[in-house]
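Presented sequentially are two complexes of chain A, the first with chain B as partner and the second with chain C.
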Partner chain A sequence: MKTWKLFIFDMRFQWKQRFYVVYLFVCSVYVGILHAIPDSRLGKVLVLLTFSDPSALGLLLAGGIVLLERGQGIWNSLFATPVKLWEYLLAKCLSLSLLSLAAAFAIHLPVSGWPVSPLYFTLGIVLTSFFFTLIGIAAALGSHSINGFLIRSQAYALVFVLPVLGYLNVFDTPLYMLFPSQGSLLLLSGSVHLLSHEDGGYAIAVLVVWIGIVGSLAMRLLSATVRNTDGGRRHEQI
Partner chain B sequence: MERDDELIEVNRLTYAYPSSRKQVLQGLDFHIGKGEIFGFLGPSGAGKSTTQNVLIGKLRRYGGSVRVFGREIRSVGSDYYERIGVAFEFPHFYSRFTALENLNHFRSLYRCRTADPMQLLEQVGLREAAHMKVEQFSKGMKMRLNYCRSVLNDPDLLFLDEPTSGLDPTHADMLKRLILARRASGTTVLLTTHNMQVAEQLCDRVAFIADGEIKLIDTPRNLKLRGGERKVRVEYEQGNKRLTEDFQLEGIGANERFLSLIRSHRIVTMHTLEASLEDIFMTAAGRKLV
Partner chain C sequence: MNKYKALLYCDMRNAARDPMLLLILAGPLLLVLTTRLGMPPLSNWIADKTGYDLLAYKAFISLLIQALIPQLIGAATGLLMLDERDERIIDCYAVTPLRKRGYIVYRLILPVGICCGMSLLFVSASGISGLTVGQTLPLLLFVLEAPLFALFLVAFAANKVEGLALSKLISLTLLGPACAYFVAEPWQWLAGLLPTYWPSKLYLELAAADNGWQRQAIFAIGLSVHLLLLYDLLRRFVNRME
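Moving on to the complex of A and B:
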């Protein structure tokens, strides 16, 4: 229930910060560009674009929100209420994944219509958004400035986008199977072709495992920052 | 030994930030009873805020024992926050939301029964500003809104850090009356301040903290009496001059010189010479409260 209230408030916060207006503009630009791409390449470009922007928008936005809230001194008061840390993180993931989903469909529907595998496509957007939102929060918690955050978040993200090289047939290795982004690319390709249940099951599993890993890292960092479980090192940064 | 009427029991509390080898708190001992207004006084950097942060469960790697509501604070969960309210010194809010939206959001985070935000805003004179964005608020308005947020859950224990900072005398007085009314309804208040006047007007007991140690702890009245002189100073007019003379309080009713003075001269002022809290602090800590 509390997560729901935090989720609704986060969406209102994002609305007031004009995130939705900015994304509406970004989506219209993408739609314009995609109409100019030949049909033979459209499917691949669409999957890559969906992966790199709507799905991963949480990376920058979540970090930005965290830096903003911390910078505005909101956390002192927020975490002096019964809010649990996981509720705070879950609300951020949910609100940003909804924005991702809206943006992804806003791009796909006018360009290629309804996805071929809508369930896998939707799960791909939501789970990828969860993953990158948590990465963004972890990067922001470890940074003192916007510049520091941008460098750190890109460094974190770079490692996880390596399977794109395989998707573009530049360099392939079975090790990509261990990366969450391999799962993302598989699920997102459900927009343009049918996905087998084996592929879908693997993709969901790898993303869920990675969300668990990054989620617990983000929890540890947040706890160290607001509940001082590291002895106060991060507390001094609030 | 825990006593039933004690809400906060702190024994040999020590704390050091990892970035510094120096212990910010060096073995504090104090107990605070239910329904008491307890003031922490001391200069900046003395350890007042660190003590408050330990008590509200934000700094958990402390030494010694800190028990609130009978539970060791390092192991409390989120339910602890259902029972406490905190107004930090700097009043931060979601600036693009209105005062009412901010209070409604914070209110929604409690499971316990909460107060009506409009009534709280009314109490602090902000009813008309309820639908104004907080970014349009002055510092004084934010401080009043800060108080409203801290009492949304009708807390058993209320932490107030410099509650009258930035308030004009009228609003400061209003807030003091609200704090006293809270005490009357059974809330325990822990007040952190530099302001001696506020401490004297509100606190049942005060502790002077300096260099991470409690130098003195007692009621403001006892401290002032203990630190003062048992004398009365009389300021009177003689011709066109103003003169002063001090008299020992012992046997003053039989002091001929005193009696003759008050009979035969126009008295301008007459005060006992108890010390001010500021004087007592300076004697105890060897420096001013800044």
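Moving on to the complex of A and C:
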């Protein structure tokens, strides 16, 4: 219930900050550009565009939200309530993944129609968005200014872009299988062709494992930022 | 002048602490270096693999990078100003001899200066720009875009989160060079609403062999568009601050 309320609050906040209006505009421009791309290359461009923007929008926006909330002292009040840290993170991930999903479908539907593997495609957007949102939050927690955060978040995310080289047939290695972005690219390609259950299962598993790793890192950093010790007993809220 | 020196000294100290300020300098430098050193081998590699001649589009690539330099500098400056406004640092400057006016002047002049240096460096050292250092009219318009983008963020964003969202719109101005290069006239004139279209169009006109009155007209319209936008955004920003 608390997560649901936080989720609604985050959605309202994002609406107020004009995220949806900006993305509506950005998506319309993308659709216009994609219509000019030849059909032979459209599939790859569409997958790469979805991976780099709608799916990964949380990287930039989540960090900004965290910095603003911390700067305005919202956490002092928020974490004095029974809200748990994981609920706070989950609400951020859910709300931004909804924006990612809306933006991704707003691009795909007018350009290539309904995805060939809609379930895998949707999971690809949501899980990739979760992953990058958590990276954005982790980067913001270690930063003191918005510009410092931008550098840090790009540095954190850069390494995860490597499988794109494989996707573009520039440089291939089986090591890409260890990267969450390999799973993302596989699931997102479900928009243009059928995905086998083996590939789908692997992609979901690798993303879930990485979300677990980055999630626990973000939890640790958030906890170190907001949690106090009280008489030797650690507790969730300050 | 001393009041500006104090702020400049402060910024230089912050540059060591805040990596983004360093990136304002390092980012465009990296772009120049990457183009100079990476473009020929990348072009050869793509030609070997796909038979596609990347250098055939060097004018377009050069335009994109010239449009990207003020974007990087302007967006970083705008986000820095939003940060300072969110943390009420601007109010502190207002009660110093610098005053709000001095703060705005300083914050907008500095990116122009950096952008000038970086753009000239790109033209002279990248190896792909068809312009000579003497043909600086498109650069003049590109350079004006750094304070334009910074003002766009601070005029329309209420805080840094909105600034981040609006910075997505700034990146869409790269459509200006794309339209000037790929879209046929008269349809490309629709892109004239984007400031980046005018220096791009002027660059392409200068690169073309024929000499005509269009160059002067494009420069005059481009300069007017930039100055009008700068005036309007500055007015909005000042109103917002008060």
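Convention: the second predicted complex is superposed on the first by the 227 of 238 C-alpha atoms of A that agree within 3 Å, B and C clash if a C-alpha of one lies under 4 Å from a C-alpha of the other, contacts with A are read in each partner's own complex, and residues count from 1 in each chain.
FYI, a residue touches a chain if its C-beta (ideal position, glycine included) is under 8 Å from a C-beta of that chain, and two chains touch if they have at least 3 such contacts.
Please read all numbers here as calculations on a predicted model, not as lab measurements.
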Touching partner for A:Thr3 - first (chain B), second (chain C), both, neither: neither
Touched partner set for A:Ser112, first chain B, second chain C, both or neither: neither
Which superposed partner A:Gln17 touches (first chain B, second chain C, both, neither): both
Partner chain(s) touched by A:Phe25 [first = chain B, second = chain C, both, neither]: second
Touched partner set for A:Leu60, first chain B, second chain C, both or neither: second
Chain B or chain C, by number of chain A residues touched: B
Doubly contacted chain A residues - partners chain C and chain B: 17, 72
Complex contact set, residues of chain A against chain B: 2, 5-6, 9, 12-13, 16-17, 72-74, 76-84, 226-233, 235-236
Complex contact set, residues of chain A against chain C: 17-19, 22-23, 25-26, 29, 60-61, 64-65, 67-68, 71-72, 144-148, 150-152
Chain B residues touching chain A - in the complex, by the definition given at the top: 15, 17-19, 53, 56-61, 78-79, 81-82, 84, 86, 88, 90, 92-97, 105-106, 108-111, 149
Contacting residues of chain C [partner chain A, same complex]: 18-21, 23, 76, 79-80, 82-83, 86-87, 158-166, 168-169, 172, 175
